[in-house]
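For reference, the structure is listed below as structure tokens.
Should a chain be cited, it is by its letter among A, B, C, D, E and F, assigned in written order, with residues numbered from 1 in that chain.
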Amino acid sequence: MILDIIVPVSTDIWNKGIESEAEKIKGQDTKVRVTSLTKGPVSIESEYDEVLAGPHAVSAAEELEKNGSNGIIIYCFGEPGLHACKEKLSIPVVGIREAAVSMAKILGDRIGVISTIGNAVPRHARALRREVYKVVAVDMPVLDFVNVEELEKRIEIKIRELIDYGCDVVVLGCGSMLDMDIERMKDKYGIPIVIPLNAAVAVCEFLMKNNLRQSRLAYPFPPEKEIK
Amino acid sequence: MILDIIVPVSTDIWNKGIESEAEKIKGQDTKVRVTSLTKGPVSIESEYDEVLAGPHAVSAAEELEKNGSNGIIIYCFGEPGLHACKEKLSIPVVGIREAAVSMAKILGDRIGVISTIGNAVPRHARALRREVYKVVAVDMPVLDFVNVEELEKRIEIKIRELIDYGCDVVVLGCGSMLDMDIERMKDKYGIPIVIPLNAAVAVCEFLMKNNLRQSRLAYPFPPEKEIK
Amino acid sequence: MILDIIVPVSTDIWNKGIESEAEKIKGQDTKVRVTSLTKGPVSIESEYDEVLAGPHAVSAAEELEKNGSNGIIIYCFGEPGLHACKEKLSIPVVGIREAAVSMAKILGDRIGVISTIGNAVPRHARALRREVYKVVAVDMPVLDFVNVEELEKRIEIKIRELIDYGCDVVVLGCGSMLDMDIERMKDKYGIPIVIPLNAAVAVCEFLMKNNLRQSRLAYPFPPEKEIK
Amino acid sequence: MILDIIVPVSTDIWNKGIESEAEKIKGQDTKVRVTSLTKGPVSIESEYDEVLAGPHAVSAAEELEKNGSNGIIIYCFGEPGLHACKEKLSIPVVGIREAAVSMAKILGDRIGVISTIGNAVPRHARALRREVYKVVAVDMPVLDFVNVEELEKRIEIKIRELIDYGCDVVVLGCGSMLDMDIERMKDKYGIPIVIPLNAAVAVCEFLMKNNLRQSRLAYPFPPEKEIK
Amino acid sequence: MILDIIVPVSTDIWNKGIESEAEKIKGQDTKVRVTSLTKGPVSIESEYDEVLAGPHAVSAAEELEKNGSNGIIIYCFGEPGLHACKEKLSIPVVGIREAAVSMAKILGDRIGVISTIGNAVPRHARALRREVYKVVAVDMPVLDFVNVEELEKRIEIKIRELIDYGCDVVVLGCGSMLDMDIERMKDKYGIPIVIPLNAAVAVCEFLMKNNLRQSRLAYPFPPEKEIK
Amino acid sequence: MILDIIVPVSTDIWNKGIESEAEKIKGQDTKVRVTSLTKGPVSIESEYDEVLAGPHAVSAAEELEKNGSNGIIIYCFGEPGLHACKEKLSIPVVGIREAAVSMAKILGDRIGVISTIGNAVPRHARALRREVYKVVAVDMPVLDFVNVEELEKRIEIKIRELIDYGCDVVVLGCGSMLDMDIERMKDKYGIPIVIPLNAAVAVCEFLMKNNLRQSRLAYPFPPEKEIK
């Protein structure tokens, strides 16, 4: 089974890290492929970025389906092009936000999400307003997340803030929050922390194994038409 | 005041009709411009179409803002690129779906929407699930709406269906449902029928006149970044 | 087209200010008439006041309809008699609260309302509990709003409070908050401020122009009967 | 303890029946007084009727409080003036709708309400849209309810309709549905039927016995002011 | 009419206090019996305790029904076995949580609940998340409530906290909060305080008097089967 | 990793079938153990059955945790004892209902559940009223499900019924709906069908692999106390 992870940004700096994490958690029968884009924004931090990335993400997904993919993860918390892929493809397509939040809700009642820059908070809060209890931000641009030490320090501050606010589960709200010592933080703060990559791989493998994909009744195939 | 209507499809067959309708209802100080796209799908009937149209709609909006626009209407019930425009532009941007539904809710309690092809129902029902009571479809592709007689006949059937279901206000769920005798239908069925064009022009003129635009706290400006 | 504004209080001290504001924003074809009551409470600051004002507001509306009115605004955030008028009249009737909140929701996600005395907060919070995010009060009786300087100072304090609480749009929650420098405040705090008068005029003009009125299926005509 | 029942219509034809029913169910220490109005509509079948009845109901309540009342029931499913009374009075005030629906929700999950004329359905459905599952009507004007046989026949038809629709508890949605053989219907259809009078007497007696009344924080005292 | 109160804990230290309180508030025709369990946990402070107490509570209820009971109160805010009893018994069964919250909602809009140990907060908040505004805890184990003075001191602190948070009605969230001077606290803080015992007795007496019990359509009789 | 499946009924007739299904879908590193109870009801078809099964399910879970379990599935759609286990155990505990519904919501918008006997519908509808769109029943007692042919015939009828009602995903609402040709039905009706066993194994394996378990902030450890 081939599980494709589309990183919908025009840089491949995250691919290796994502692939290596995915390798650790995937099932034995799963082959993981990680693809980033050559066009579109270099990171996704607004609905503007999502719209610009959307067609390239969808186009990559269509290509991967033709190349034998059995399931696709849209690897960005903003999930650009996700519903379009659900309509257009005949294999399961999963976004990391929906997967992470679904798993988090099994662990507790009040989900807290840690996002990137402050500007990203309203868009995630809007999308998740009936799903999560609070969205906060580390106030770092995604591309600075290569500075893992600083990121981890700020994540810890936000975990404490979410706990004080009454949250009982933490979801990392960006696919590029990698390489941190999550186990240490879970122990230190006594709260489950859901990593979107891991949730999405589990959900997608479940769908692939069970021959399930998004309902055609909810996501009908788009009518053929001229596209200029 | 210049009010720009972006018809986010790669055909200009609707422009003249929209412009002529808009002329009838606009305020005296408003100058209306209607713009369609040169790229993207020729009609919008799925989230797939919306994603492909999105960047072109946003790009058109950015261009129009530079060319002196005072307010923009995204003239498609799927509102491709709407939130991205709200973030990126400093003039008010309004979608016809949000405008029509807002006005409809002042007129009654249970809004019924009449959409295009059956495939379009789940996407609008998903977007509006807490706002409207029922979404139905005339089961005609948008490009066939030039056959106004057939469209009108089918619209009437759906109005009756919505009333029987318990709806008390009807919203036309597509920007290309033009040239029908709405007054006759309102009288015949005794139910208000909201035309999205007219609602959106009213909302956008209100915002322009009152120097209002989408909140920067809800739609922060997108961070500058490399876009390939 | 005659647009009637009913100020449902037994004083005419606000009429001139309302009329002069309405003149600035109305369409060219609209003639505005402002009517206050001769009976009932001198201001509306409780549900008790609303109930006492209700029949007089409805009676004024019935009279105005007979005198050629094409649309009526119930000009009080408590909207006394609004639904009764929607039932009884055959012309559109709009309340300033529903109009202001509808417009505000197009501008952002978390609406904050600034009301009059503290006692008014629970009644508006109850009526709007699924529509707005927070209701606060300037703690001034309505009749003291003639002291515009003091009012404006207190409004500014409340705008800051609403922003700190997480609101992204402000609605002025009383029809008598007139003559302030709203533009200055919008610039200073970077948040849209919706003036109920302006929203209601826009909504009512939209309805009049489009030959729309409240649905008879939602607001059936009251059965004729003996009234002692 | 004096429990006052205000029948907010300008006829006393129901008073005796209500009093005799109340006598059967009241506690030993409760003295029941039934008061109807001398002004306002002869029956309440619309929000228009409610607004016209409101001030007279409130005025009657104020009078009764002065005359030693310990608790008041607003005896109409539309509850005219209820919140105004909750603000103005220092004794508990209960509406029959809120009492009946509260009790019904302890008995099942999906409450069905049987109202009077068809025109009354939207106003109750609007008020109860998050509380009850379905509102239907016997399509008889209230004043015809003196024809108990016809009323009972129609009530039975509606009970079956509500059960078929999925309701599991029935609430009689009008105070004038008296003198029917409710026990027979409960047995025949196997569904609980809540009589508003009985629910309201129970709730009001509970509040009186426990020295409870509506919260001043939710229903602040109306500010003193000139009323013309 | 025999009203049975099941205290679902394996101690009878509360029985006498409950009985004496119930005697004060019950109707003249009601005979109160208080029963505690001989098996299961000595107090209920978790869902774990609720599960262990459940079968014993249900078994006691079945026994009491055979012994002539006309109505049963499950006297614990966690309501162990309540729905099972509603299914199994043919007499009305009421939980103190549902009764107290129903009555509280008639008194105001934002209910605050005061629970026992901090650990009990999430389970009540989960059960009541759409019903109440805030759940807090006095941080005392139930068995320490015999120290009424300390309990009362802590309750007062929590009342202030709930008022500051915006609550307008207080519900005591445990059946063992007895013997306090509630009247003094209601006066001092100006907020209604609902005692679950009193609410449940009122609701249960209402059901008994009116020959009502939980709907069989919502709580069908459990199918007969082998139980090992 | 040891994954334990507790079948909370006092019969082991389902164990072998469950184990063989679980073997097909589990990950390579997972060892599955299936345990049924020796006490309690022989099947779970009511809240009454759930309450009687609860303590035995919890006790089995406690035993299995001591015997090296790494994760537990409560294998009944009624999930008896689930929250108590989440509190008491330090390993992840998952119910098949929550797992199946979570996965279903990723596949579509309107979930339909197929339950066992008609009596089971209200209890699942109550538990899932904000999660699923419709609950129906095959009207067969669980113990008759060994007649797979009849079961499958009835399931098909219900799938058609759910689709006609507007559902877009089907969840099998009982753990004993085994051995059917699900793939054939998915193809025939064009709708995803979620099997609770498979969803729960996926969720539980995800939690075990990621060292996650229910939040202590949502499910605090039950206080130690005397249990008689």
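By our rule, contacts are C-beta pairs under 8 Å (C-beta built on N, C-alpha and C of every residue); 3 or more make two chains touch, one makes a residue touch a chain.
Keep in mind that what you see is a predicted model, and the values were worked out from it rather than measured.
Engineer: State which chains count as neighbours of chain C and simultaneously of chain F.
Structural biologist: Correct list: A, B, D, E.
Engineer: Any chance you could name the chains that touch chain A and chain E both?
Structural biologist: C, F
Engineer: Any idea what the CA-fit rotation angle from chain A to chain D is, to the nearest 5 degrees?
Structural biologist: Here the rotation carrying chain A onto chain D measures out at 180 degrees.
Engineer: On a C-alpha centroid basis, what's the spacing between chain A and chain C, in Å?
Structural biologist: 44
Engineer: Roughly how many whole angstrom separate the Cα centroids of chain A and chain B?
Structural biologist: 30
Engineer: Averaging only over C-alpha atoms, locate the centres of chain B and chain E and give their separation in whole Å.
Structural biologist: One centre to the other, that is 53 Å.
Engineer: Listing for chain C: what residues touch at least two other chains?
Structural biologist: In chain C, 109, 122, 126, 168, 217-219 touch at least two other chains.
Engineer: Go through the chains and record each pair that touches.
Structural biologist: After working through each pair, the chains in contact turn out to be A-B, A-C, A-E, A-F, B-C, B-D, B-F, C-D, C-E, D-E, D-F, E-F.
Engineer: Give the list of chain E residues in touch with chain F in this complex.
Structural biologist: Per the stated touch rule, the residues are 10, 37-43, 45-52, 54-55, 58, 80-81, 83-84, 86-88, 117-119, 122-123, 126, 141, 217-223, 225-228.
Engineer: Under the touch definition given earlier, write down the residues of chain E that touch chain D in their complex.
Structural biologist: Against chain D, the touching part of chain E is residues 25, 27-28, 94, 98-99, 102-103, 105-110, 163, 167-169, 183, 186, 190-192, 194-195, 198-199, 202-203, 205-207, 209-219.
Engineer: What does chain B use to touch chain D in their complex?
Structural biologist: 109, 168
Engineer: Taking the complex as given, what residues does chain F use to touch chain D?
Structural biologist: Counting only chain F, the residues touching chain D are 122, 125-126, 129.
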